[in-house]
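Okay, structure first, notes after.
In this document, chain identifiers A, B, C and D correspond to the written order of the chains, with residue numbering beginning at 1 in each.
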Amino acid sequence: MHAWQISQFGIDSMEFVERPVHEPGPQDVVVKIHAVSFNYRDLLVVKGLYNPKMALPRIPCSDGAGEVVRVGERVRTWKPGDRVTGIFMQNWLDGAPTPAKTKGALGGDVDGMLTELAVLHEDGLVRIPDHLSFAEASTLPCAAVTAWNALAAARLMPGATVLIQGTGGVSLFALQFARLAGHRVLGISSSDDKLERARKLGLDAGVNYRTTQDWDKWVLDQTNGEGVDLVVEVGGAGTLPVSLRAVRMGGHIAQIGVLSGPSNAVPLPLILHKQVHIRGIYVGSRFDFEQMNHAIQFARLRPVLEAHPWTQAPAWLHRMEDGSHFGKLVMRLDS
Amino acid sequence: MHAWQISQFGIDSMEFVERPVHEPGPQDVVVKIHAVSFNYRDLLVVKGLYNPKMALPRIPCSDGAGEVVRVGERVRTWKPGDRVTGIFMQNWLDGAPTPAKTKGALGGDVDGMLTELAVLHEDGLVRIPDHLSFAEASTLPCAAVTAWNALAAARLMPGATVLIQGTGGVSLFALQFARLAGHRVLGISSSDDKLERARKLGLDAGVNYRTTQDWDKWVLDQTNGEGVDLVVEVGGAGTLPVSLRAVRMGGHIAQIGVLSGPSNAVPLPLILHKQVHIRGIYVGSRFDFEQMNHAIQFARLRPVLEAHPWTQAPAWLHRMEDGSHFGKLVMRLDS
Amino acid sequence: MHAWQISQFGIDSMEFVERPVHEPGPQDVVVKIHAVSFNYRDLLVVKGLYNPKMALPRIPCSDGAGEVVRVGERVRTWKPGDRVTGIFMQNWLDGAPTPAKTKGALGGDVDGMLTELAVLHEDGLVRIPDHLSFAEASTLPCAAVTAWNALAAARLMPGATVLIQGTGGVSLFALQFARLAGHRVLGISSSDDKLERARKLGLDAGVNYRTTQDWDKWVLDQTNGEGVDLVVEVGGAGTLPVSLRAVRMGGHIAQIGVLSGPSNAVPLPLILHKQVHIRGIYVGSRFDFEQMNHAIQFARLRPVLEAHPWTQAPAWLHRMEDGSHFGKLVMRLDS
Amino acid sequence: MHAWQISQFGIDSMEFVERPVHEPGPQDVVVKIHAVSFNYRDLLVVKGLYNPKMALPRIPCSDGAGEVVRVGERVRTWKPGDRVTGIFMQNWLDGAPTPAKTKGALGGDVDGMLTELAVLHEDGLVRIPDHLSFAEASTLPCAAVTAWNALAAARLMPGATVLIQGTGGVSLFALQFARLAGHRVLGISSSDDKLERARKLGLDAGVNYRTTQDWDKWVLDQTNGEGVDLVVEVGGAGTLPVSLRAVRMGGHIAQIGVLSGPSNAVPLPLILHKQVHIRGIYVGSRFDFEQMNHAIQFARLRPVLEAHPWTQAPAWLHRMEDGSHFGKLVMRLDS
C-alpha cells in the first residue's frame, strides 16, 4: 500500500512511500481509506512540535474514513463493505477519561490514517451516517467530536448564547451543533469574508477581531451586558483573557485551543468573581462519537470542507499553516 | 371590576360578579388583564376536585396576561404600560423548590386571573416577549413552563428522541421546545386529525393510541428497539406503565400528569431494570420562566391556541372537559 | 469441581454435583472460589420466580470471592494468587447502562459463583481491598455496589438525611456508606433488636414499622417536618407510597426493591407536587465497583455478615426466606 | 455605637469612632455584634488594594456574629435574642449567581461588621448552629461557605482525595468538610508545625512546600501516580500550574485564591489534555450557608480560631499579613 510517512520532522520531509500491510489480528479490521482530514494537531505532529520524541517513521493524521475490506476471524461487529471512520483515541470507548484510555491516539501514539489501508481493532471504529460521503465523514473524528463535547460540557438550554472563535473545523462544527440545539451563536474572525460565509451557516452575528480588538465589549453589547453562556475557546493563551471578560457570570468556557499568541497571564480574579466553569475538552469517547453521529444523521447535517488530492498532502499542510482555509481540509484518496 | 368567581364548586355555578379592586400595597402592581388561558388544573379547581377545602369565593385561573396600570410606591421594576404575565407560584422566584416557595399558586391558594384587574406583588411577574400578543402570552405561566422544565430535567443532546402524549398545552409546548433543541419528537393521540396538525408543528411521527393500544411497541419500532430518551408523561396512572416500556434504558420520564384512567399498578421492576430517571415536574420558578421567555423570543416561537370571549368562560371549561381542543384555550377580555 | 446447580426450580431441588471445569479461553481467568454471598435475587432465581424460562441446569449466585489459579494465554491483568471478586454484570465495565452491557449477569444469564472454580473473562473481575477476607469480599458485587450507586445517584452533601429500610445487605451498606459521607441516617425495621444492632453501626434513629405503621409521620417528626433527602427504597410496592410521603420536596428515591407486599397504586400526585427524583438502581458497572472498593479500603469499612458452610446452602436459602438474618449471608467454601 | 472605620486606606489609618446607629427600616434587623472574623479580603480592603475607588469612610469586615436586639415593624423571621450571622453578599439568597445578586457584599460594597451594632435586611441573616459560640460563628460567612462550595462544585464520592493549600480559614474548613464527607485529604504548608496541627484535625498526609518545591510529584506519589480528585486552590497564579500537574485526569480545581506570587502563565495544554474542570468559587448564597450550617450542626463541627480583643483590630490585621496564624483570626467585642 501507499502512505505518507514522517521519516523526519518537517512538512517538506514527508515521504510518500510503499509499505507492507499489517496482517490483521483476530479482532482487527482492515479499512480501505477514501478520505483523510487535517487537524491543526497533525500539522504540529508533522513539524515535530506536538511530540518531539515521537518514534519515526510514523504515518500521520487521526481522521480518516473508508470501507471495511477484510476482518479478523473473531470480528463480529463489522463486515466488508461497511463504511467506517476510526475513533481518535483507540482505547477510549466509554465513560470518563483515564490515562490508559487516552493513550493510543491515531497519528500520534500509533500510526494514523494518511494511508491506503489502515488496520484497526474492531472496537476503534464507528459507522458513518448514511447521508455523508467519505470526504464528509473524514472530518468527524477529532474536530466534530471536540465541538460536540464542548457543547455537552455546558448542557445549555435553547436560547442560550455561544461564542465561537475563527472558522476552523471545531468552530464551524460548534456553530452547526449550537444552532441545531437552539442556541444563538456569535463569532469572531480575522476576515469579513469568512464571517459572511459563517452567517450563511447560521451565525447570528459576528465581528472582525482585527478591526475590533476589544471584541469582549462587542460581545457584551450583543448580550445586553451579560456576556455569553459558553465560549468555545480555541484560541488559547491569546484569547482566554478576553473570553473571560466576554462570558457571563456563572458561564462556561470549553478550553480547546492551546495555540495562539504569547502565553499571557490568565486573569484569575475574573474566574473567581464571575464563578466561571472552565473545562478542558480533548476530543471524546466512542460513545460520544456515536451519539453525535446519531444527531448528525437525524438533522442531516453536512460538514463544511474543501477536498484535494492526497498526493498533494504537504502542500495542503502548508496551506493549513497560513489559516486561509474555511472549515475542514480534506485529502481524497479515491480520485 | 368584573371577575368570574367560584362561589360554590361546579362549572355552572361560576358567577360573573363585580368586585372592588384591592388597594395595592407599596410593592404591589395592578395589572389590567387582557387574556387568560385555561389549564386542566383550573377545571379541577372549579369543580372542587383539586382542593375541596378551598376557601370560597375565589377567582380561578393561574394564567393571565395584561399590562401594568398602576404600581405601589416602592415598586421600581415595573411601570404603567409594561406587558406582563403572572408567575404560577407567586413565591417561587429561584433555586430549588421548597414548601414555602410552592405556596401561593394563583387561582388556587390565592385569587387568580379571570378578572379585569389583578393585584400582584412586583416579584410575581415576568415581562412578555415582544413578538407575542396578550392571548399568546397568557398561555405561558403553567403549561409552557412545565414543558420547559420537563426538557430541562433531562438535558438531552440534539438527536435524542422525546415522546409527547396528546395535543394539550404542555404536550404542544414540549413539541415546540424539543424541536427547537434539535430533538426528534414522537407523539400519541386519540385523533388522526390532531396528529396531522401536530405533524405540521414539527412532530416527526405519531400514532393513534385508540387504534394502536400497544403504542409502546410502535415507539420501539420507531427507535430501533431502544425506546425514547424522554417521555413527557402527562397521562398519569393510565399511561405510566406503557411509558416505562417505551423509554430506553437509562432514559427519563418527566412526570406531569395525574389525570388519566384507573390507578393501575406501576411496574416497579421496569424502573429498576431499565434504571429509569423519573422526575416530578410541577411548573417552575420565575427564573425558569424568564429563561424560557428568552428562548421563545430568540426563536420567535408562537404558542398554539384558540381564543374566545371571556364572557363565555363556563362554556369553554365544559369544552375543555371533553378534550376536543388543540393546544391552549384562551379567554379574551379585550374584545 | 463441585458446585451447586439448579436442575429444576426449588430450593430443595438444588443439587450438589461434580462438574468438569471449563477450559479457559485466551482472555479468561480461573478463580478458586472461597466464599459466596446470597442476595434476595438468588432466592428468586432458585425458586424460578426471577426468570421461569431460564435454561437449566444453572449454577446460581452472582457474588463470589476467591483467588486466581490460572489465566489464559493473553491475560495480562491478573496472575495466580490475585484476590478477586466477579462483577455482577460481566459486560458492564463503564459508562451508562445499555441492554448489551446489562446482559450476562452471573447466576442468571450465565452460570454463577456457587462452585469451587469459576471461569470468567479477565474484564469481569475486580481486586479485593487488602483488609477484607474472602467472606467479606463476597458480599460486595451486588448489594454493596447497589447501595453505593443509590447514594451516587443523589450526590448529597454532608448533613443530608438518608432513610434505609430493613437491615438486609443493601440497607446496611447504604448505612455504612451514608455515614462515611457525613449523612444522618434514619431506619425502619420490623425488629427492635435489629434496630439496636443497626444503631451500633451508626444508625442515628430508628423505628419499628410493625408498631409504628405510619412511619412517614415519624420520619417527618425526625426531620423538622421536611422529610429525608434520600430514601434507599428496597421495599417496593408496599413501601413506595409511604416513602413518597417521607421524602422532602425535591428529594430522591433510589428505587431498588421490587419485593414487598401487594402492588399498591403509586401516588403520582405526590411525585409531581413534591418534584421527587426517582431513579431505578440496578447494581452498577465495574468502574462503580472499583471506585467503591477504593472508598472501602480508605475507610477500612467491613461488611456485616454471618458465614456458614456452603454444603448447607439450601438450608441458608430457606433461612434467607424468613428474613431473620442481619446483613449478608455468606457461604464459606474453604472450611 | 463604636466601630472601626476606614477613613483613608491603610491598616494604621483605621479609626475607632463613635457613630450613630441607622434607624432600621420596616424590614431591617439590628444586630449587636459579639465577634468578627478577618478574611484576607478584609486586609486588601483596608489597604485599598481590593477596591481603590471604594467610597470612604467605610466599616470593614464581612463576617460578624451577634444577637438580634431590635426588628423593623414588618419583620417576621427574627426576634430579639436570636443568634445570627450576616451573609456575605446580602442579595444572593438562592439559585445561580448574577451580577445583581453578587452586589452588596458586606465590608466592601456596603458597611461591614466591625461595629457594635449592624443594621441588615431581614433576608441577609442566617441562624447560628446551637453548639457554636459567637466567636466560632463569626468565622463562617466567607471562609466556611467558600470551602463548602468548593466541595459542592465537585460532588465527590467517599474515598476521593482532596488537596488543600496552607492552613488558612478556607483550607481548614475544606479539611473539616472533606473529612466529614469521607474524603482523603492531602495538604501543603510552609510550616512543619502547622502540618502537624492540621494532622490533628484529620489531614491524612502533608508536605512542606518550602522544602519540597515540586510538591506535585509528592502528590502523585501519594495517589498511585493518578493525582487528586479536587484541589482547593487558594494560592492563585503561583500555585495553579503546580495544581494542574497534581490533579488527576478529569479532576476538579476549585479556584479561590488570587493571591500568591507573580502572575505566571497557566499551562493551558494541561487543562486540555487532562480534561480538568476548573470552577471559580466566590463564597455562595444564603441557601448554601444554611445547608452548610445544617451539616455543621449535625456533625457538631467546630471552627479553628484564635480570638483577640477588637480594640486591637489593626494589630491583628498586621498579624494576618505575616501569615503566622492558623485557622481564623477572630475579634471579640464582648470581652
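Quick note on the criterion: a residue touches a chain if its C-beta (ideal position, glycine included) is under 8 Å from a C-beta of that chain, and two chains touch if they have at least 3 such contacts.
Because the structure is a prediction, the values reported are computed rather than measured.
Least step count on the touch graph, chain A to chain D: 1. When the C-beta contacts at B-D and at A-B are tallied, the pair with the greater total is A-B.
Centre-to-centre, using mean CA coordinates, chain B is 43 Å away from chain D. A separation of 41 Å divides the Cα centre of chain A from that of chain B. Contact of a single residue of chain B with at least two other chains is seen at positions 96. Taken together, the chain B residues at the contact with chain A in this complex read 148, 151-152, 155, 157-160, 177, 180-182, 184, 291-292, 294-299. Chain C contributes residues 93-96, 285, 287 to its touches with chain A in the complex. Taken together, the chain A residues at the contact with chain D in this complex read 96-99, 102, 226, 236-237, 240, 249-250, 255-258, 263-266, 268-282.
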